[in-house]
Structures are given as C-alpha cells and as structure tokens.
Amino acid sequence: MENDAVQQLLDIEEIKKLKARYFRYLDTKNWDLWTEIFTEDLQFVFAEQNLVFDRDQLKTEVTPEGQVHDGRDQFISWVKMITKGVTTVHRGYMPEITITGSATATGIWAMTDYLQWPGDGPPIGFRGYGHYNEHYVRTTTGWRIKRSVLSRIRIDPLEGGLPPVYEETTKAS
Amino acid sequence: MENDAVQQLLDIEEIKKLKARYFRYLDTKNWDLWTEIFTEDLQFVFAEQNLVFDRDQLKTEVTPEGQVHDGRDQFISWVKMITKGVTTVHRGYMPEITITGSATATGIWAMTDYLQWPGDGPPIGFRGYGHYNEHYVRTTTGWRIKRSVLSRIRIDPLEGGLPPVYEETTKAS
Amino acid sequence: MENDAVQQLLDIEEIKKLKARYFRYLDTKNWDLWTEIFTEDLQFVFAEQNLVFDRDQLKTEVTPEGQVHDGRDQFISWVKMITKGVTTVHRGYMPEITITGSATATGIWAMTDYLQWPGDGPPIGFRGYGHYNEHYVRTTTGWRIKRSVLSRIRIDPLEGGLPPVYEETTKAS
C-alpha cells in the first residue's frame, strides 16, 4: 500500500513534467523532442467551446463540430504548419492528475495561450482560455499523452483580428 | 516517520486538486459541485489591497475595510449573483501548502482573475492579481476550504470600466 | 530505494515552495525575506532572447550579450533599485525539477512578468514571457537558488513604452 502511494506520487510528478515539456517544446518549436510527448496513435480534439466539465471529466462528449486530429504525425505536421513564423506562449495551470491503473492516468489542466502572427499592421492573433482533458499511458520510455481534448472558456482576438488560416482551418475540419 | 511523509505528500496533492476544482467549477458555473469545496462554516474575505505577507501568512490581519462573507451558502449565493452572465477566468499559481496537523493545513496561492460583464459597448470588467491565504480541514469526505482571504496586488479595469454592481457591492460591505 | 523516492518527492515540493516564496517576496517587496531564497554566491543571468532549450537545459550557453549579476547582495540591490515604486506581478508555471544529487537539483519554470512604472501618462512598463533555468543547493537552512538564467520568448511593452531606466540598465551590462 505504502509502495503504491509512493509510486502514484512519482507517476503524478512525471505526468506534470511531461505536460511541462509539451508546452516548452511547443513554444520553442523543438519539434523533434515534441514527438516524444505523444503516443503514435494520439488523438487531439479541439472541442466546441463551453463544454461542461463534471467532477472528473467532460460531461458532454465531443460533437461533430469539434476538430479532431488522429495520429501524432498528422497532428504535429498540422501544428508546425499553423505556427510557422508565429510567436506562441502556452501555459498550464492547476493539474488534476488521477492514476487510473498501473499504466494509465487522466488529467485536467486549465490553460491559456497567446499567439501572434507576423506582420506590420495591428497584431493578428488571439489570447485563449480553456481546459485540457487528457489520457496518459505509461510506455517503455515513460508516460505519454494518448488523447487530449481542448475546450475553451473564451478566445479574445488581438487588435488585428484572428488570422485567416486559423479561421479557415478550424472551419474546414 | 516515512509513513507520515508519504501521507503529507498525498494530502498536499489532494489540497492542490481541491483548489483546482474550486477554480474549474467556478469558471464553468458548476455550483452544485462547488458546494463540495467548502466547509459549511466557510469564511471568505476580500481583504484590503496591499496586505503584506510574512514568511507563511498574512502579517496584517484583515481590517474592517475588508469584505467578509460568513457561511458557505451565503458566499455561494453572492458569487452566483455577481457572476450571472459574466465570463470568468480564474487561475492559481505557486502553491505553498503546509500540513499543520492530522486534519488541518494552510495554503498560499498566487492568483489572477479576468471577468467580463455582458454588453455591447467597450468591455466592462477587470483583470486582477493577488494572493489567497487559506485554511483547510480534512472531513469525512475529503479536504475542504474553511477560510480564504484574498488580497490584491493590483486590479486593472477593462476598457469600459468596472461594473456598477461590483463597485456597489464591494463598497456596501 | 523507497526512502530515496520519498526524499526526492519531499525535496521537489520544497523547491517548488522556495520558488513560490521567490515570487511572493519579490512582488510584495519583502526584501529581508528575499535574501533567504538565494545562496550568497548567487549568479543571476538575463539571457539573450530565444535561447533554445534542450531536453533538460539550455542548449545554448549564455553569450556576452546576456546581463550577468554575480552575488546575491549585488543582485538584490539592483532589483530593489529597478523596482522602486514599480508594481510587479511575477508568475511561475509548469516546474520541471530534477534532483541531481543529495544536495543539488535543477529546475525549469515557465514564467510571465508584468511591471508598470509610476506616472500619469499612458502606462510605462512591459509584459514578459519566458523560462527560468535554475540550479539549487541544499544548505543547513534549506534549499536555495544558486544560479538562475532567465530567457525570454517575448516582451510586450505597455502603451507608454519601456521605462528608460530599464532600457539603459539592460544595455549597459
């Protein structure tokens, strides 16, 4: 029992550090290391805004309006494309990590992001506020993100508005 | 000794998750679950700005100028009233949790909040920056917040200023 | 082994609380307590922007363009001088603490700061975004920061621009 508790605490700390590297590699555009964060079969979902969270997870399942990325390689290619030349700042807050089995865990994180596209006019981009709802698995090389659902409380466009590519991409999916 | 250390680490993690749910239920307006965060005899204090913190706690005790809410039900009713239709984003940072007994603990958190009231003109609301100073107790259903004192470093009104209800309420108390 | 794991978890939590006090004493200008955060031989480096982080640390070492402060007393005197009358808000996020020996540890933190200088015109100051890369040592009075390197992702001047003293100081060093 005691050993189990210590192992759970170690796992929780490892998962917090995994998410820290997720943000840090993303914002420093270290894409090679970023691949180590996810399982190959990653599913990443940009959910509709205003999903309601229950005690431990999303109450409402993702609807067709959400944007779904299947597979780590597809997701990373898309993020690289959409953040090319963009200064990004992502932050996580207030983790709620739950170890659900010997090699599985869930997590909820509050988040903010702040993205600005290059250009000379009024700044184009947004500040966003929301939550991640995630599933983790322990692999032979450590914990990895297997599924991540990002739900928004609000998005504030910068003075110059949202970037066209962002609006098109999110609408197209 | 070893067991005590593990128990303390488990309790610290539980209290961090308690505060995470405090923020998450508040910002998703999940009031039913929000009641589970507090003891029935909760005291919540909006302290004067610029209280000085000592090593572990507020150096200056709350003065009559602070706004005091006694009782969980009164506090939740007031928060529901004041945030009706308001988009709220609350974030906590940098917890300093101290287990002070078998069923008691204290905590300090840095915080920011960002509230915008509905309307068509320039946005009304504020961004705030401060610290919580809290007391927790372990109950038969887990840790709960028993006392919370919120002290501000600064409040920046949005372009349209502070909402009238906010100014009146804080002055009236 | 079990004991080692528990000790590491306790140390990680202590270092997180150390950094929390670093921010809290700084933003409440509690300089007497702030001295307890650092070793006497502290080195604090404001690195060039856009340093690339590798898996665990800065890939690029600090160049002569960085601003280096040697010694705790010199550093604190400089911070007191530059923040006189300034409202400061510093926040840390997403710690990656690694215990590297019985009395040594490293840490990476995401950070934001928000500083506004006093004055009547448009607000002068900035909002900054970056990462700390730190070395800690355990002393007879607890963990302390021995070296801290602050690297920026971006700095947004406030409406009234950056303060002259800030620009001169950073250029002069």
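As written, the chain order gives the labels A, B and C, with residue 1 at the start of each chain.
Criterion: contacts are C-beta pairs under 8 Å (C-beta built on N, C-alpha and C of every residue); 3 or more make two chains touch, one makes a residue touch a chain.
In this text the structure is predicted, and so the values were computed from the model without any measurement.
Chains that touch both subunit A and subunit B: C.
Between subunit B and subunit C the CA-based rotation angle works out to 120°, given as a multiple of 5. Different-residue interface: subunit A and subunit C share under half of the residue numbers found at their contact.
Separation between the centroids of subunit A and subunit C, computed from CA atoms only, is 26 Å. Shown for subunit C are the residues in touch with two or more other chains, namely 2, 6, 9, 93.
By the touch rule above, subunit C contacts subunit B in their complex via residues 2-3, 6, 9-10, 13, 16-17, 19-21, 23-25, 27-28, 30, 33, 87, 89, 91-93, 114, 116.
Contacts from subunit B toward subunit C in the complex involve residues 2, 5-6, 9, 12, 52-55, 93-96, 108, 110, 112, 129, 131, 153-154.
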